Each structure stands twice: as structure tokens, then as C-alpha cells.
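Dumping the structure here so I can ask a few things about it.
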Amino acid sequence: MDMLLEVENLKKSFGGVQAVDDLSFVVQEGSITGLIGPNGSGKTTCFNLISGLLRPDAGSIRFAGREITSLRPSWIARLGIGRSFQIPAPFTRMTVLENVMVGAFSRTRSLGEASRLALEVLEFTGLKEKRDELAANLTTADRKRLEVARALSTGPRLLLLDEVIAGLNPTEVLGAMELIRAIRARGITVFMVEHVMEAVLPLCEWVIVLNFGRKIAEDTPDRIVRNPAVIEAYLGERFRARS
Amino acid sequence: MELFLQTLVDGLLIGGLIIVIGVGFSLCFGVMHIIDFAVGEWVMLGAYTAFWMVRYLGRDPFLYLPVIFFLYLAIGYLIYPLIHRAVSGRRHNPALMGLVFTFGLASLIKGGALTAWGFHVRSVTTWLSGESLALGVAVVPALRFAGFAFGVLATVAFMLFLKWSKIGVAIRAMAQDRVMAELLGVDTNRVSALVYAMYTGLTGMAGVLIGALFSIHAGMGLKYTTFAFFVVVLAGMGYVPGVIPAAFLLGLLQSFVTVYVSGRYTLLAVFFVLYLTLLVRPRGLLGRGW
Amino acid sequence: MREDCLSRLNWGRGLFLILLVVSLLSLTVSPTTGAAPARDFFKVGVVTSLSGELAFGGNVTKRGYDMWADTVNQLGGIEIAGKRYRVQLIYADDQSTPATAAVAGERLITQEQVDFILGPYASGTTLALAPITEKYKVPHITGSAESPLIWQRKFKYTFGTIPPVSINAQAPIQTLAQDVSPKPQTIAILGIDDPFSKFAAEAFRTAAQKFGIKVVRYEIVPEGSDYTPAVSAAKAQNPDIFAIGSHEKAAIEMIKAAKELKFNPKAFVQHYGMTTPDFRKGLGKDAEYVFGASVWTANLNYKATILFTTPKEYAEKFKAKFGTEPDYTEAASTAAGIAFQEALRQIKATPPLDQAEKDALVAALEKLNIMTFYGPVKFATSGDYYHSNAGLQPIALQYQGGKLVEVGPGKLALAKPRYPTPPWDRR
Amino acid sequence: MAVPLFVSSFWLRIATEVLMWAGLAQSWNIIGGYTGYLSFGHGAFFGIGAYTTAILMVHAGWPFWPTLPVGAVLSVLCAATIGIPTLRLRGAYFAIATWAFGEAVRQVATVLEITGGAFGMQLPPFLNLPFFYEAILIATILTYLLAYLLLERSMFGYKLRAIRENEIAAETAGVDTVVTKIEAFALSAIPAAIFGGLYAYLITYIHPDSVLGPAITDLMVVMVLFGGVGTLWGPLVGATAIQLVNRLLWFLRGESTLYLVYAGVAICLVVLFMPDGLMGLVERRRVLFRPRENLKALLRQFKL
């Protein structure tokens, strides 16, 4: 397997706070990789740096062998990195279909073609029935699905999912996990930030753990939960008691 | 050389007056993220208030400075809930609505003043009017100097207030990060109302001085709106201390262009510098803006 | 699949759009101005600024026009071939903007079918109205607008009773050059960037050059700027005369700035702006000694026969009616009415006027040469000031003891000019 | 086919004005409504169009029609010049910059020789009102057609609305927001410039205050807001309502400054209670006009 995303010595600080500190990791093509860590450990900042919403203070990001550090977000999206937002950010006064079409314009300039691509993505994500609803009227679970759908519509090779599972009820969690597996089955690499360990551990093949902006461990999920540093920093009492 | 010194003094004195408007405006922006298009209209209203008070109550307009401050403080405090409503989350594009609202407010105030008071030009006389001090070879009009001193003092007092008072700390916290301030228990709504009130109070007070220096008429606000915009962009939007050098730069730019180039190009020079700043240093000359 | 995406876009809207296009395009109309219904009074349209920026000046012209109409009607109307015809003024506000002036003219002519038009206060609105009166061939006299631009355009149907500002503003300079001693040697001119003020400033310069006064600084600054630096720059030249081409607002601020800067030239010169009450109120005793210009005052000794016999009589009747002293604009507006009245009498036209009578009216106006309380009214028929009043001589004024006094030029003086101006603390 | 709706040229002139404002309001709506970036100097493009036509006709002796595209191109260039530095920044900067731009263009027109400075310019009179009515009618229809095709029926329109709704999300969904915004701003300048040229020729006299004054921008904003921001028909509805009321007030009361008050009150009330404008009421999408609740909400805020 090739390395799809390579992050090297990435640094970003806000005021005096070092949000991401000398971070390096790789994401293998075709994998589902998890990025976890306690609140404020720099996960979302890391996503924002990769997707171009923030400029790093130092370090480099390579995607499919190409330097993408400090490119504009829209360029990065067109190069093949889709992302969803932790707090869903739909275009509220547009329909579900229109939301997804906006992403599809990365691949085509034709309205009809964009609509075809968008409908296909909606079908895949299970939102086809709701295609004519205004995004403002969706439930939380559907909004999260819409986030994923919009990210998929740009035709990404790598999908950054920012907490798409947190906040869902148990049935919805199962549905979301199924969707993520299906996405990977289409050959799209998934890189996800997630809080809900019950979802991360069965889903991911590789997990990277952050604390205070630094990488403290990376390993397979079953080994991660036994890693003392991780337990110390993050998983804490809850998992120790269970295992 | 004499003319050069006089020009320098003129410029600094103009700058001193603009500081007061700029400080309130900048803070208002920093805390609430709203551009108040009515800034010049508050200046105009302050000037008119002084005029009417002198007309009916007599005495020197300077005596009414505190009254006018508190009057416009109260007015601002009462208007704030409307602005809050305009920008509250129920709207699709709150920031846009806030801008439009103050734009409408400016039109309303200006139209009201024109309708009520017409296009007449009024003026007030203070005990300092027409007096002047000699500063070496340059002549310093006393009223202008008073305006300058007032501007600097008001700004210093305001900065101290921000630095040392409890509410000042809350204001600064909000200017830095609204969400964080809210999490830390700052009543952001109340603080915003106070900031807006202080801004209208300060601007109204500046209006008294401007009215005494120049003439008072309903259309006078436009110019000060331009100045306020210029100052905040140069200072870096929302960065309050940057207002001081920016205001002096504006004053000097005006006086030097008028004397050494031509008065016709003064405003053009101002606009050119504004554009250049936006192009090269959008976060302000000191790079500390929002 | 395409249908799926477009299904939400309402085709009804597109249909509506097409219908709209068709229905609106089909509205091909030609303006209809048929013959006016018979009546036994003259319908006089008035376009002037009753609101907006120039409302104050607009109301000045309105008082002048009203004074004419009311006086005529008190006498039973205009006497034409032994019969009297009353006049009815129909006002249309131009809101101080050219676009509205054009609409106002259009309304008066096509809706009200007025016989002739009394024009706006300002030059800008007049320049928008004149093409309309030209189009419908309706005679039009303005009692106030005076920009040379109007006359350069040579509108056939447009006349004016006030001589252009570029002639008037020369009067105070001429007085200072010829009637005081020692003769001032240098002048600094500061003008405001609007048409009226800029023409005045240019007139100051022309007059200074003509009478051998050296122009040491000439500058045009925009309206509303801080005038202190510009006044400082003028002061640095130490001129004998400081001339201000502006309306009263800027004049007040500039004179205030001069006082604060201890700038004490031998004479301050302004023109019309200094004759307004705002100027005197705004400056108080600092208005003293300021020179200015006008084309008419109530003290002049013209002898006339139409409606009013002397400027004094006009001023008294005016004061009794409106409670204020008339100024030159009010007098000129009344004179505009008088010019129409005389021309109508000469051609013996009765209301309503048909097109031939309107053209005859214009021809009569071109030949008009009458003496009124306002002075001679005679419209130029050639040259740069085509159709403006060439009969009048401008007067130099000065504030003396809180009053405006005629000080020149030459024989027009009713008092000696006070020169040089004493220092600020001794006025 | 001919419908004699207008009996006199006075009413034809009123209709011409209404149509012109409908077109101008739509031009503002492209950037202010569909894109959500407020241009407070849009009147400048109107003035640039007016002055371009005047200068080319008076000084260069051009016929009328070819001057219109020149004005449009100049406006587009100006829009790009303003847009490139400021549309990278937040909307507040854009609002300030466009406002300053409007004032700056007025200053330039007042200072230059070629514009006649403060004297203004007179164009060769061509007093054929039906001609102007039809020319402005066609320009307005084209403006709406352009808005319809580009903003309601094309990729460009989707992108603009996405930017208005959530700029960051649009950017990560692959929309190059900066380029799209600059395109929208440049596009919005075109109709404004065309109407400026038509207006100059119609009125035959232009002046910095009459074609570049702040009132022109004010009216565009009020009309769009009143009709419905970011909708195709909102500007038409708003412009018709506002311009007719304006002329009616002029006819009945003739007080133009009071009109500013009405405009201000209208803006404030629309923002507070009816953010979707008249179109919002028509479509009953979000009727915020519930006086009792609104009053209560307002009173609650006073308890600070």
C-alpha cells in the first residue's frame, strides 16, 4: 500500500498556545485511519491544516506525493481531499440535492451531470428520499450524512471525517459505521477524528493518538487500548475497568 | 519652515479629534463585529444637541459635555437591543443584517435631522472660539488644542478603564474571543450593550467639539464616517491602540496634502492610502487587526 | 436525470418572465400633448427646489414668484388688449436633483399643460429642465440660476434675470482696486469645488488680473474639508486681499479659521454668500468689514412703472407680506414674472397659449427692454451669456456696523468702503 | 397588440424610472443578495457608466450605443481592482472598501478636467422619451434574464448561494470562493454601468452629486431589502414599490428629506421583522412578523 497522506513536522500555534506541535504521521491508501485524543488535543486543528483552512507555522503536508501545504482549500478539495465538519455546516437555504451539487461542480461544469453525480452520492448515503428538503429542515443525523455526502461529491481519494458519529443514537451509529465501511469499499481512504471509541475501535485499522498537539502513540486499535501512555492520557478509567 | 511647522501642528490637531471617534468605533467593531454606518450621524447629533442646549439653556457648550456623554450613553444603551436583534442567530446572514441595519439607522438619523432642522448651517461659540496660543512660529487655535487635548485625554481614560476595571477586562476578553468569554461567564449581551453605549457617548461628545470647531449641519456626518473607516482599517480592525497613530497619520496626510499639493486632492490621497493599506496590509499598519 | 435537478426550478417563473417581456414591449406609446382646454387665466408652471439640499434657496425663489403672482392678481390680472387675465402658479418640486427637475417639467407641461415656466433655484436643476422645455417648446425664465454653463448652451426657450456669477463677483474686486487707497497689491483666492463657487473664484482671479492685483495663491478645495490648512497656506503668502469663492457655510468656516490663525489681511472678499442671514448669525461681529457682491438691493434708486415703482416700494410690500427683507434672488424671481407679463402684453396673447403664441412670446422676450424695480431687464441674444439678463450692473457690498452697505464700484457707492480691515480684536 | 397603458409622457417617464431602478436594484442584488457581500458603493458603477457615455459622446464625438459597452468594461475593471484585495477578507472590509470606493470616484469626477469637475457635463440632447423607455426596458429585461440564467439556472448561481450560506464549507467543497466572488462583483457592475449611460443620455446633464451621490446606492439597498434579498423578483417588487411611493410622496407632499426617514425606517423594520422582504411575505417562507412575540423578545433584551 502507498502512503496517500504524509504529514511532517507540522506546527501551528494560536497566541501562546501550541495547538499542533511537531506532528508527523502517514495515512495509508485504502485504510480507515483514526485520529483520537482528549478535548483540545489539536485534532480539528490538524484537519484544518490538512484541508487548507489554516496555514501551518512550519512543516509540510504531502498528498499523493504532491506538496499541498498552504494551498487554498478549494484547490486541496479538487486535488482529492474531501472533508466534513464537526458542527454540520450545510447551505441551509438550499435543498439537499443542491448542497451536494455544489461539491459535484468540482468534477463537472454541467448542471445535468452535477445533478446525476449528486443523486448517485445521495443514493449511496441514503439521503435520496430527502433530496428536495431544505437542508435547514434536516435532523442532526441527516445533517451529518449530508456533510459526508457533500464531501463525497467532490470525488475524493481521501475523506476527512470530523466526528460524524458523535451525537448519534445507537441505531444511527450502526448506520454511520456501515456507511464508512461502504465508502472505504469504494476505494476511498478514510481519515477520521472521533470520540466514540465503540465506533473507532472496530472501524479503524490504524489509530493515531494526540495529546496537547503531540503524537503520543500510533498503532492498531487493539494494541492502542493497551498502550499505557494512551490510557494515561486519554482513555482513562473507563476502558481499564472494562478490559 | 514656518508653514511646515504650522502644517505639522494643524495635522496633529486634526488627528487628535479623530482619535475619539476612532477609539469607540474600533472597540465597537472589536467586540460586536459590527460596522456602524451611523458613526458620523452620532457626531452630527452630538453637535446639534450642544447647539440646542446652548440656544435654550445658554452658557458654554463645554459645560454640557458630560450631559451629552450620558445622554448618548443612554441612547446607545437603548438602541443596542435592536442591533442585537438584527444580528441574532435567527437570521440567515446575521453579519449582513447588522450592517444593513446600521446603514438604515444612518439614513433614518440623517433624514430626520434634515427634515427637522433643514439645511441651515448653525454654529456654536465657546469661550475658546477665536482665541489662539503661540507655539514658536506656529499659531495653535485654542479650541483646536482643547479638542486635541480632550481627544487624547478621553482616549487615555478609556484605555485605563479597559485595562483596570472589571468590565474593561470582560470587554477585552470578548474582543479576543467571544465564545470563550461567554464560556467564562461573561454576560456578552450586557457587555456589548455597554460598549455600544460608550461608543455612542464618546462619539456624541466628539460631536460637540467638532460642531464648535466647524459648522453644524445635517450633512456633516458623512465626512466623519469616512474618517472612522479610514482609521479603523489603518489601525487594524478591532485593534484599539492602533487608532492613535492611524488618526495622527490621517490628520497629517490631510494638512500636508492640502498645503503642499492641493486641497482638491486631499480626500483622494486619503482614499488612495486606504486602498493601499487594504491591498498590502489588510490587518492594519501594525498588523494587529482582526 | 436532468429533470430531477431542474424540477424544483419553477417553470412558471420563466413563463411569467416571457409574458412580462411581451406585454411590456407592446407598450409602444407616443406622448400626447393635445390642445389645452379653453380657460381665462394663465397657467404658470414653477419648477424649483421645495425640498432637499437647496430647499432654502428654492423657497427664496418661491417667495419672489408668489410676490409677482399675488400682486398681479390683486390688480385683477395681466391686462391684455383691455381685458385682465389672472395667473395661477402651479408648483412642482425638483427635490434639488436634476432627474426630478426633468420629471417635474414633464409633468407641468404634459399633465398641467402650463403656458410657460418659471425656473429653478439652482443651475444643476435648470440644466436638466431646460432640455425638457426645449423639447416641448415652452418658454422658461429662471429667476435665480446664473451659471454661465446654462447660457453657453444657447437654449432657445430658456432665459434668466440674474447676470452670470462670473460677472457679478468682479464688483468687489473692482471696488477695492479703484476706490480705496493705498491700492491692494496682492490677493489670495480660496474657492470651493462646486460650480457656483468655482465660477466666483475664477471671476475673482479674472478681475484681479484685469485691475493689476497680483494673485499670490489660487486654490480650489472640496466642499466639507477642514479648511484650516488651506487658510494657513494662504496666510503664508501674506496677501492684501483674501477672497473666498463659496456659499455661506464654507465662508463662515474659513473666516473662523482665519481668525484662529490670526490671519489678518487688509480685506476679506466674498460674494452672495455674505448677504445671507446665516452668514451674519454664524460669524457675529467677525462678519464686519467683509466685502461681497449683489445685483440688487432695496436702496438702489431705480424708477419703474410695472407693478412696483421703486426698489423701496417692493421691499416694503415684500416685508409686509412675508415678514422678511427681500434679497436679490427674490427680486430677480419677481422680475422674471414681470418679464413674461410685459412680453405677453406686447404680443397680445390670451390664455391658453398655442404653440404659435409661445414662439411669439419667446421672440418678444428676446426683444424685451424694460425698466423694473429690479433694474433694467434686457436679455442678451448673442455671445457667451445668451438669454441672460445683460441690463444689470453688479454692486459691491460691505458689512458696516452690522448692516450691508453699498460701497461701489464707483458711482454706485452709497457709502465709502472701509479699508483696511483692523485687527481681529478691534472690530 | 398595443396596450395604451400610459396616456402621457409624464407617466412614461415614471415608468422609465421604475424600470431603471428595477434593473439597478437587481445589479446590487447579484453581489449583495445572492453572494451576501454588501457593496455600499455600487452607485459608483452607475456614475462610471454615466460619465463614460458623457465623455465619449462629448469629447470624442462617439455615437451613443458604443459608449455603453465601454462603460461596462471600465466598471468591470474597477470592480476587479476593488474586489481583488478586499474579497479575500471578511465582508466588513468589503463593505468599507466599496463605500470608500464610491466616495473616491465622486472625488475623482469632481477633480478631473475631462469630467467637467464640479460643473458637471452636458450631453447632446436627444429627447425621444419612448426611445429611452424601450432602451431601458430592454436593458432591464436583459438584466433579469442574465440574473435568471446565471444565478438561478447555472453552476455559478449554486456557487454564489453556497458562498452566501457558508463560505468555509463552500471552499472545502471545492468552490474557489475568491474567484467566484470577484466574478460576481464584476458581473454586478455591468448592469449598473449600462443604466448609468442610459440615464446620462436621458437626463442630458450629469454632475458628480447627481450620478455619484450616496443616494443612488442607498436606494438600491433599500429596494432589494424591501423586495427580498437574494431572490430573482425581489428587486423588481422592491424597486416598483419604493419608486412609486417616492414619486407619489413627491406628488402629494414634495418633501424629499422625509423620504430618507421613510427609507431608514423601512430598512430597520425589514431587518428586524421581515428579513426576507416582500417576497418572503408572498412566499410565506418565514414570516417573522409576529408583533407580540417580537415585542416580548425585544423587552427581554432590555433586562440586561
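Note that the chains are named A, B, C and D in the order they appear, and that numbering of residues resets to 1 at the start of each chain.
The rule we apply is simple: a residue touches a chain if its C-beta (ideal position, glycine included) is under 8 Å from a C-beta of that chain, and two chains touch if they have at least 3 such contacts.
This one's a predicted model, so the numbers in the text were calculated from it and none came from an experiment.
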{"item": "Chain closest to the middle [Cα centroid of all protein chains]", "value": "D"}
{"item": "Interface with more contacting C-beta pairs, comparing A-D to B-C", "value": "B-C"}
{"item": "Distance from subunit D to subunit A - Cα centre to Cα centre, in angstrom", "value": "42"}
{"item": "Separation of subunit A from subunit B, taking each centre as the mean of its C-alpha atoms, in whole Å", "value": "46"}
{"item": "Distance from subunit C to subunit A - Cα centre to Cα centre, in angstrom", "value": "73"}
{"item": "Chain centre separation in whole Å, for subunit C relative to subunit B (CA means)", "value": "37"}
{"item": "Sites on subunit B at which at least two other chains make contact", "value": "92, 222, 264, 267"}
{"item": "Where subunit C touches two or more other chains, by residue", "value": "6, 55, 193, 222"}
{"item": "Overlap residues in subunit A, where contacts from two or more other chains coincide", "value": "92-93, 101, 111, 114"}
{"item": "Subunit C to subunit D touching residues, read off their complex", "value": "6, 9, 13-14, 17, 20-21, 23-33, 50-52, 55, 91, 93, 95-100, 102-103, 106-107, 110-111, 124, 127-128, 131-132, 134-135, 147, 149, 153, 193-195, 198, 222"}
{"item": "Complex contact set, residues of subunit B against subunit C", "value": "2-3, 6-7, 10-11, 14, 118-123, 125, 129-132, 139, 141-144, 214-215, 217, 219-220, 222-223, 254-256, 258-259, 262-264, 266-267"}
{"item": "List of subunit B residues in touch with subunit D within their complex", "value": "29, 33, 35, 37, 78, 81-82, 84-86, 90-93, 95-97, 99-101, 103-112, 114-115, 187, 189-190, 193, 222, 225-226, 229-230, 232-233, 237, 264-265, 267-268, 271-272, 274-275, 278-279, 282, 290"}
{"item": "Footprint of subunit C on subunit D - complex, ascending", "value": "1-10, 12-14, 17, 107, 110-111, 117-120, 122, 125, 127, 129-130, 133-134, 137, 141, 144-145, 148, 152-153, 199, 202-207, 209-210, 215, 232-233, 247, 250, 254-258"}
{"item": "List of subunit D residues in touch with subunit A within their complex", "value": "153-155, 158-159, 161-162, 165-166, 168-178"}
